[in-house]
Structures are given as structure tokens and as C-alpha cells.
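These notes open a run of structures that come right after.
Next come two complexes built around chain A: one with chain B, the other with chain C.
Our next item is the complex of A and B:
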């Protein structure tokens, strides 16, 4: 029965108005392998890559010509012509052209935020199915005309007479002809993300060896996951690439130790952050298929995990109160408290490796008694996580980090891990995702393995 | 086609060399009065193990407006096979002048999606020479098979007219009945084609026919201005139909008035769905919004 007819005949059954929430399940995901910038995807645009990831998802779950409730995705580095990037990708895909789509941008948290926003719409009963995603290209980055040239061009357009136009043109200076390329600097501090993290890494006294160990584990865990076929139903080859090109399965602690520091060289403390324990610029795209239980059941699709809850936080990094990438340190305790959970209730920790130092600074803050008391308002430290549960199938240091695509990569992989794991102590396996983002932001989420509700 | 073994070429011939050679042949025939042959050459030309260049594929997809997927667009395969076809038309025993031939229509059957990494065997031959009220026409057939298992993947028939050439033994076809007057429908799209449209398509397809490149090179061949490649227009229409089309489809186009550059081209695409809602076919027609003349029309149909 069409939804409209349903709500017209029985308005009180509409979940959106009745106050009961449905569950939003992760059906599966698809991404293209991530490529180091200047590699296999150099000539591919954001729209190309997002469409490729989308078409792989459509093929995997038989969604050709299907009208999906809504598609949301985004990119961090975005051309002005890509104002409707996601809708354009939908139109270029095999989905029904009657599928609506919107763009979202929350720096590196973009992908996870699309999952949370769409899952909420499913829970409310506004939509039955959704595709979340993200894409970024550091290779095909936008380059803009300089601010001086831009102002002259706009004024020229408004000038009415020839003398007016000449007057406007006379303002042009040679330096105005130099283009503006994007950079990773924070607008308010002028520091790059790496330099910001170097301050935080030094503040929490994170050692070089501990950072290299995070990088080493990331590469070896990701390589092992590829070896056992974990990504066979999560990744579709594109442009000749079938694995993430940044992956170094043979890297060793010795090799990592030979790399020279690239960030934090001007600090008093020893510089510890290298190209090995920082993520490289990467190109790639990811997608996640979400649905209500009924929608998935009607199509015989898997229900891997449930999107339980999410939380965003932001820190005052501008004047150095907290590190730029430390917002998840605050988001996670709030999310756990709201759901009545502690670290002991989490079986998989997916902490995005922007830098190994980010992961370790966050863990250090959670383990710190004073931080717990003064900043989190707890009796003591938040707690220590079992490192054996951290990024068990690798993370961004090995896979690479096409900014907006990272959330979709993590959600799809974690959903599959939870599904494969089976119950823990009679309850569904549970995973925590933590993603830091530019602007001092962070978005975190809890996923749970899907289990049929009581009585079904 | 004949049962003769194909002539195997070592590599894809260079189209620019073929065009130079065609010009030289035309000049030689004119100067020395060489009698051209009066029958089509028997046999076919073939190049084996052809692979698409992925950078070229991406450029083609961006120019045409195709999704930059790993599958080769049907028009890209046409461009891939085109040098082999041209080498057939460039033989010394080919009876018609290659330069100045007019592309009348094109029919393609794409039998399955072709991945860019797949090695391909490309064979082409000329066939079915016949009279036309304005000259002599013929079909140039190209077949693309998988080098791995020999499966036929793509088949194209391009019909060309050598205008003003009347060969002994081929009757002038009767005057076609006057075509029904074209009345432009409401457009579903308008293309703005810049004066560089021909050069851009030449760069991705390798088809540097001078009539498409510039005002001067087109004038040298008797055209008032440069014209858009027919296959560029048809391939854009195919891209505009979109990815609803099945993996196996038939794609036809009939060319009428040429598109002189720069130009605005109005387009209407109508789609037919089956009773179950799945895509069956799309018909397209393009015309000049200024003169109302029809440029081309065609269809894409599920196989």
C-alpha cells in the first residue's frame, strides 16, 4: 500500500507522529579503493568517484531503478560547480531519477554525519531507505581565482559604461592573477592540521614509538583483512585499483623509525610526527545503505547492524584551550552516558587515525584522572580501552583518508564486523566510532549488531 | 562479408597518417587520372589485443557527459575501432574518395558491458556498396570481440555517402519521397556547442578530420565553417539517455543537417517504460532552434 494512503487511513500508526521510533539498520556498504593523491584517480572528479561507489552499491544490492528515500553525501574539497554533487551523482547512477539527494559538509565528519542524519529520518518514519556517503579528491582539488581578481570580475559585470569598466580593470594588479589553491590550514590560526596535532601530541607527551606502533598495526590489520577477504563485499575496484594504494603490508617498526619528522619541528619538545604516522592526502569515495527493518526484509536484504545513537562535540581550539582534534574526547563520554554504557560494554573501537597522535592523545585524555574530573565532570578518568579492540581491521593510516569518505568506510566495515562477531555475553556486539574534524569538531556514534526484536 | 582471412595489422593505425595518405591519394588520382576500382575490396582488417587507455577514457567520458565508470561507453568503442575502419577505406583498391565522405547513419549493438582493462580484437570491413540519389553509399562494419574468449561484444555499421561519385554498375537510387516536414517538439535540453567542439572531440577520439577542426581547414574542404563530429553528437545523446539503459542495447542515429560550429542544438529525449516500469527505449531528436532544421535523430533500445 502506498505510504500516503496508509497514513491517510490510519494517521495514528505513523511512527513520525506517534512517538515510537523504528530501528535504522545498516544493510551494507560499498566503497572504491582509496588512492594516494596523484595516483590512479588523478583525473577522476568527486562526482565520478561518488557515482562509482554508488553504482557498486546498487549492483551489490540490486537497487537498479529503485527509488531510495534519500541520498546524502558530501565532499570537503569541493568545486563551486559541484553545488549539487550528490544529486548529480544519483542522476548519473542506476538509481531511479526520482531519488532525492542532498549535500552535507562537516569536514572529516561528513560521512558519519550523513549516516546519523539519514538514520534518524528512518527512525522517525520519514523515509524507509537511504544511502549515506562521502567523497574527496585531493588530486582534482578546486583552484579559485584570487580574491582581487574575483572582486574585479564581479565589479566589471556590474559596471555600466566603458569608462566605469576601465576604471574597474585598472585596479587589477599582477599578484591578482595568481590562483588560490586550497590548503589544510585552519582559517583562524593559520596552522596546518598537522601542526595543530603536533601541539596536542606534545601536550599529552605521546612518544614517537607509540605513534609508530599505531601506524604499524593499522597497516598489518588492514593487510590481514584484505588477505582473508573481509573487503570482498565492501570494496569495488575502480580505475584498475582493487586495494587501497597507501597500504604497506610489509612495513615494520624499523622502517617507520627511519622516517623524518614533518610536523612539530619548531616546538621545544622532540618532533615525533612523520609521514608514516600521519595520514597522506588521498582520493576515494564510500557509501552505506541504510533502511528500516521492513524495507530490508521486503527485499531480502541483510541487516548487519543498528545505528543506535550519535553525538557531535566541538572544542575551543582557537585559543588553545583544547587541541584542534580533541572534540571526540568530549563527545564519547556524553554519548556513553546517554546510553548508560561504559567502555566495558564496547567490543570494537573505531577511532579514526587522522594522525596516530590524535588516537593516542584521545586515549590519554580518557585515561587521565584530572581531565576526567575537571573537563568531563566525572569522579575520575573515563577509563582505559582494551587495545586489542582498537581498529582491528586497520584504519586511516593504512587505508588513507579521503576526508568525507572516511565515515562511510568505517560504518560499513564496523557493521560487518559486528554482524560477524555474534553476541557478546548474551547481548549484541557493540561498536563505537570516533571521528575528529577540522574546526575543532568531532562526531561519534554507537552501532550494535542487528538482532531480531523480542517476539519476532 | 567474404570468407577471406583478415589482414592482421600489428597496431592501431594512426588516424592522422591515414588522413594525410587519403589526401595524397585523392591528389594522385586527380592528377594522374588513376581509375579507381569499381568494387569494394574483399577481406577485412583486424587489430588484436587492443586496450583502452584509461586516461583517454576519462577524458572522453568527461567531454561526452558520461558517468566516468570503468565500462567503455558504446561511442568510445566506436572511436577505438575507427582507425581500423579507416585503414580499410584507405586501401589503394578502395573505390571511393575517403575525404569528404558524409556519415549518413550509424547503428550499434552493444551486447554486454566492456571493462576498460579487457583486451579487444577489432575487425572491420566495407560492405554493401550501393547507389544513392546523390552519389554512392556503403556500409563500414566493425566488430569488437573479447581477446580472451572471442565473444562478440560490440558491432557497429556506419553508412557513408560519397557525394557526387557515381560508379559504373551502380544505379542511382530513385529520389526518396520528400520527408515529412519536421516540426520541432518542446525541447528537453539545449546544448551550447563552442567553436572548439570539433577540436575537443578530435583530441579524445583521434578523429582529426579537417572538416571538424577549424574554419580554415573546413573551408579548404569546401565547407563554410567547421562542423561537429556526428559521433560526438550521437554519443552525447546516448550519454543523456543515461544509465537507465540495459547492459545490452541497440543504439541508432540518422544524421541530417550538419551542425556548424558554434551552435545551439535543441534536443528532445522521450523514454518508453514497460508495464513493469523498467526502461525499454529512448528516442531522441535534435534540431537547430534558430532554423528549425533537424540535425539528427535516433533511438536507444534494450536488447
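Our next item is the complex of A and C:
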């Protein structure tokens, strides 16, 4: 009903009045399988993949020609021509072309941040439905011209006469012709993300074996989830791929132990980070369908989980005060405190595995008395989480990590886990998501299994 | 798309060449397009012998009601869109001569892609040998005439059981199907109407309006065509295929504005998951099309357990299990319609396909035995048996074998996935409610088999 829905006077089902918020529910999600860079999606652009992920979501939930309140997505590695990436993907999809969209970019937290921002709009009654998402291709990465060539080209465009143009051209030097490829280095430190994490891993004295164990569990949990059909309504195959190509169901601790360290080799301490316990560069896209309860009910759509709350944090990694990827260590306690919760109240922990060392450093910080007292302002440590509740259906080490697509992958999977789990001690099952990001940032969120409000 | 050979011999040099060399000259068939005339010219309705014309008079009146140009006797040199032989009163082979020989000279006046349809009674319902002989005679007559017709014209018959008459809803429904371009690749076949139940659609171009339909194996080929055809006819769709086929499935779902359900139909709970999805997302379930199927061809001497079991598991065991769930569910809407895709291999057999033919023969047995179980809720179940259909599957047959296989029928060409879909859409409609436990071949009257 796109025509009628376009009317500006169409009232929202239950507009938020002062002091009351609606609930934003996760209806479901869809992603394409993640592919190792240079693999199945080598020839796919961000727009191709995001459109495919959207079309799979539309097919799963029958949203053809539907005018969605708003679509937000983003990419970390982005071509300048993709200035309107999400809107272009919407126009190429089966959604109503009257669906507005915007791009968002917060490094690896992009996907989760789109979920939080759109959920807030739904809670406020500004929109009734939304699709959050993210995409990244390290295969089809943008390559820029050098800064020297760029300045010459711009000046050349401004030059008015032939002599002026020749003068500008004479400034070109051979080195200016070398292309400027993207890298994962931090602009302010020049260190790659892996080298940064190696510093943190060493600081928290995380062992090689503990990291390999995280990787081993990730692969085995993800493989088991695929085997029991967990992803049948979360993933739509793309370009001949029906499972994440990085997944190694048969990996073992012995195999992981044979891999040579790749990061932290110059730190003096024993290098522990390998290609096995670090995520590879990956291509992929994910989407999450959000809505108000009324919107979902009117369409007979599932209500898997409620987006409870979210928190962002950042650390001063530039001066070495904290590790580059340690912001979630601060965001989580703030989020739990605001919601009056502790680790005992969480049934599923989804901690993004940028590196196994990141997960373990974060857990170590939370378990550390001194860190709790001096950095978090607590009486002691924040606490220890039950490892049996950690990334139970695998995470980025196995699935891969197309930067902006990871948030959507986790939110949709967690929403389904919460829904399947049923209540815990008479309350809805609860999940915590923690995602670290470049620039010393982190975004975390709490999801809760959907349960009908009392009296309904 | 018609195959390249058919295109080549349909006009110009190719047409002359084929004629001179005596090569097969398959016609470009008339296929249904919403809004186009039902038949390509006036309809000649010829009645029973012995002065008993009540059945044909009623029928002619009904056809006039459809806006057709109806003739009760042929005009010289007039191109006819169809000839309908109403033979329901035949009680002795002698009585065939009257209407049949009256129709004979008009056969030459049939337009391209015209239709001949007989309406007679089942011989099984005959009380004595002479009646049975007269009725069964229609069978041989019709099948032979179908082989004589040219230029895309087909001949099919409607058989009336004790509970049905010439103007019963399903008689008229079947007649409309046979006259229309929906039956383009159905030739030399009979449909039996056993009861007077059924309802003709308010809008003949939207016979499935308001219905909720599930199609398995819908990601490509015949399944995708079924989804498109049911959507065109007004149904809301749930398209099902294995998770690995999800990319194509999503494309089909978005094209037909349905929902995609990635599901392995051999799963123990597949039936429940299909019903739950249809009920939760669409508010109910009216139609189930069992289309999903696989081939794992091998001569029986070389057959292994894996090939045998996977074909039986996907092609028939899953259908039995899903039907059990459907029959046991109170969430199904009234008058459920189930159509199973069988195969001419399951009727006539096919070298290298013992497993496949066993599964498809099984589907036919299942349909016959399930029909009585659905009577109480006003439901029906039928099978459609495709012959040579132009799909990705048949495109893999070696060229020479494929070229021979596709010409070995009265229409001298392979059918299209849409031809199978049209037959299924008809059997899934309320107009076909009086037809159940039947197997309709969509094979262009394949020379192999029954």
C-alpha cells in the first residue's frame, strides 16, 4: 500500500507521548554468506552485495513494494562514487522506491549503530519500520590517486590558459603516479589494527593457547549452527556461496597451533597472534528488519527480540592509555549500570572476535580488580562471564568480518537465539553485544527476547 | 520460448525447406494471455445421437453465456476455434457415428491451435457391455484424432462420473481449460469429473484470487513457473526450496510478491513449518503444490543406495509426510487443493530412471489414495505428469537424444515450464473441485507410454 502510506497525514499507530516510548522489535534479518577477500565476491561491489542482502530480506518477509520508514547502512571501505550507497541499494531492490535511506559510518561498529539509531526512531514514534545494515568489500576496495596527483588534477581543472595548465602539469613527479591503496593502519599511530591488538594482548598476558581455543570454538560453534539449520532463515546464498567461506568445520587445536604468528613479532615478548586467531579480510553484507509491535503484528511478522539499549565509548589509544580495541571494556559497565543489570542477568554474550586476543583482553579487564577500581570506578572487578554463554553460534573468527556487516550479523543471530531460548527464571532471555572499532571506539547493546506486554 | 528448430520451420525459407524434405513442422502453440479470446474462432457444439440433445443444449447455452460465438451446425468454409462433441448420451458404439461423422468434414476447417473436446461418460460407470463399449470407444477415437490434428490444434476429453453432468462446475471448468491456451501442451488426454461440486471463478483471469498457495522446489524451472502462474491467477504465495537454492528463491519470491521459505522438505517437521509459515504470515493455507524433485539417473545394475534413497526421499517420501501434516492440521482452510508433480516416466518408465520412475509412480498412487481422505473437507488432490519440458534439467541431455525426445509427441516439440504450471493452476482452482485423484499428462501426447 505504498500510495496510501505516502500520505503525510497518515497517523502513526501509537505516537510516543511525552515520557513513554514504544518498543522497537527485531523482526528478523538476512545476510549473504561472508566470503574471504579475493573469493566468491571478488567482482561484487558494495552496492551489489547490500542490494542482494536487502532483496533476500524482502523475500523472506514479503516486503515487496513496501515503503519502509527508513533504511540505514554503511560501508567502511567506500568508493567516493558510493556517496548514497544505501539509497542506491534501496532503489535497486524490490522495496518501494519511496523508501528513504541514509549512510552511516562508524568503522566496525557501523552495523550495530544503524540498529541503535533506527530503533531509537521507532521508539520515539518517528518511524514504524526500518532496515539496518552494513556491507564491506575488501576485494573491491577503492584505490585513490596520490595526494600529489590529486592536487595537480584539481589545479589543472581551475587553470584557465594553456601556459597555466602546462605550469601545473610540470609539478608532477613520478612518485605522484603511484596509487594510494587503503590500509587498516590507524592514521594517528601508523600501526595496523593487528599490531595494536598485539600490544594489548601482550599487556593482558593472553596466551596463544587461550586465543586458539577461542578460534576453535568459533569454528565449531558456527559449523554446528549451520548443521542444525540455524541459519536457514538468516542467510540467503549469493554467487554460488551458501556458507561463510572462512568456516573450517574440521579445524583443531593442533592445526591452529601450527600457524606462525603474524602480529606482534617485534614486541620482545612471545608473539601469539596468528592468521587462525585473527579475522581475515572478508566481503559480505547484512540487514536487520526492525519495527514497532503494531507494524509487525499488522503484517503477521515475527517479533524475535526487543532492542533495549545501547552505549558507545572511546579510549585514548593514541597516547597509549588503553588498547585500540578496548573501548567496549568501558561501554559495557556503563550500559549495564544504566539498566541496573549485572553479568548474571545476561544469557548470551556476543563479543565480536576482531581478534581472539580482543575478546580475551576485554574479559581479562572485566575480571581484573585493579582495572575495575581504577578505571571503572567500581569496588572491585566488573565480573567474570560464564564462557558457556559466549558466542554460542560462532562469531567473526569463523564467519569472517566484513567490517560494517558484522553488527547486522550479530543482531539478527542473537535475536533468533533469544527467541528460541524462551524465558529464563520467569524473565525474557537477555543478550549483550560488544563490538570494537577503529579509532579506539566501541559500541555495545542489550537485546531481550520479545514477550508480549502485560495486559495484551 | 519455442525451441530454435520450431522457430526456423515456422516461416520463410525454413518453412519451405521443412515441407520439401518432409521434416517435422511443429507449430508455435497458442498460449494463454490474460484478456485474449478463449478460442481462435466460433465453437461448433454437436450433440448426442438418438435425439437426446439435452446435454449439448445446456452446454451450448452456457458457452453463449461466456460470450462465445456458438454454432449448432457448421457453416461452409468457416474457420472454427473449437469443436465440442457432447457424447454423454452414447449407449452403444453405433451411436457414435452420428455426431462423429457430422463433425468429420469440419476438422479441415479448424483454425491454428484450435480445440476438439469430447464430453462423454466413464465406461466404469456403465451398467451393461454395449454402454461400456460405446463409452470406451470415445477413448480410442479421441486419442487417434489428437494424432491427426495439425498446426497446434489439440483434442482432449472430459469424462463424466455418475455425480456429474455436462454443465457441472468442474465440467465447465475443465472445458474452459481445454479450450483455452492454458492447455497448449495437453493433447490426447482425459479428465474425469466425478462430482457436481466446484465453483467457477467470478473473474476468469483471476481464478485463484484470495487463495494462499505453497510451491515447493520453486527456485527455478517448473517450480518457478508454477509460482509465476499462480501469482498471475491471483494467489498469494509461499515459495519453498532448499537453503542452498536461496538466491534464486528470493528472486522468485520478489517477482511474485510472496515470501521465501528456505527449507529442506525432507526434514521431519517440514509439513508443520510450511503450515506455520503460511498461517503466521498469510493467515491460512489453501493450496499446496508438491513440485520439488531431483533426478539421480543410473541403470539399475549400477544403482547405489545413495542415489536410490535420495530420489525416493525427496520426490515422494517428503510429500507423504507433508500431506500427513496437512491432513492432520486444523489450520488449513476449507476446500484444500493439493497437486503433485509426477512424470510420464512414472507412467511409461524411462531407461536409467528406475528410482525416479518409482518415486513418480509413487506420487500417482499417493494421489489416488489421498483423494477419498480429502472428500469430507471438500478438498481435492491430483497429479500432473509432465513429458519432455524445456528446462535446465532437460538442457543437459545430449543434443541428439534431446532433439529426438522433444519431437516424439503429437505436437512435435517440447513443452514449456509454463505449460505444466497452467495445468497445475487449473487443478488448484475451485473450478476443478469435482476432479480428484486424477493424473493429467502435460506431454503433447507423447508417443511413449499410455
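Note that in this section the second predicted complex is superposed on the first by the 439 of 456 C-alpha atoms of A that agree within 3 Å, B and C clash if a C-alpha of one lies under 4 Å from a C-alpha of the other, contacts with A are read in each partner's own complex, and residues count from 1 in each chain.
FYI, contacts are C-beta pairs under 8 Å (C-beta built on N, C-alpha and C of every residue); 3 or more make two chains touch, one makes a residue touch a chain.
If you're wondering where the values come from, they're calculated on a predicted model, not measured in any experiment.
Colleague: Mind checking the superposed model to see whether chain B and chain C fit together on chain A or clash?
Modeller: Here the two partners, once superposed via chain A, clash with each other.
Colleague: After lining up the shared chain so the two structures overlap, which partner does A:300 touch, if you call chain B first and chain C second: first, second, both or neither?
Modeller: Only chain C is touched by A:300; chain B is not.
Colleague: If you stack the two complexes on chain A, which partner ends up touching A:51: first (chain B), second (chain C), both, or neither?
Modeller: first
Colleague: Looking at the overlay, does A:242 come into contact with chain B only (first), chain C only (second), both, or neither?
Modeller: The second partner, chain C, only.
Colleague: Tell me the contact category for A:229 with respect to chain B and chain C: first, second, both or neither.
Modeller: second
Colleague: Looking at A:187 after the superposition, I want to know if it touches chain B, chain C, both of them or none. Which is it: first, second, both, neither?
Modeller: Touch partners of A:187: none, neither chain B nor chain C.
Colleague: Once chain A of both complexes is superposed, is A:163 in touch with chain B (first), chain C (second), both, or neither?
Modeller: neither
Colleague: Give one of first, second, both or neither to describe whether A:60 is in contact with chain B, with chain C, with both, or with none.
Modeller: It touches chain C, and chain B stays clear.
Colleague: If we overlay the two complexes on their shared chain A, which of chain B and chain C does A:426 touch? Say first, second, both or neither.
Modeller: Touch partners of A:426: none, neither chain B nor chain C.
Colleague: Quick one: name whichever of chain B and chain C touches more residues of chain A.
Modeller: Residues of chain A touched, chain B against chain C: more for C.
Colleague: With the two structures laid over each other on chain A, which partner does A:266 touch: chain B (first), chain C (second), both, or neither?
Modeller: In the superposed model, A:266 contacts neither chain B nor chain C.
Colleague: For chain A, which residues belong to both interfaces, chain B and chain C?
Modeller: Common to the two interfaces on chain A: residues 52, 55, 65, 94, 237-239.
Colleague: Quick one: which bits of chain C touch chain A in the complex? Just the residue numbers, please.
Modeller: Chain C reaches chain A through residues 243-247, 249-251, 253-254, 257-264, 267, 280-283.
Colleague: Could you pull out which chain A residues touch chain C in their complex?
Modeller: Result: residues 52, 55-56, 58-62, 64-65, 94, 229, 231-233, 235-239, 242, 299-302 of chain A touch chain C.
Colleague: What does chain B use to touch chain A in their complex?
Modeller: Per the touch definition, chain B meets chain A at residues 54-55, 58-59, 61-62, 67-70, 116-117, 242-244, 277-279.
Colleague: Within the complex, which stretch of chain A touches chain B?
Modeller: Counting only chain A, the residues touching chain B are 43-45, 47-48, 51-52, 55, 65, 91-94, 97, 237-240.
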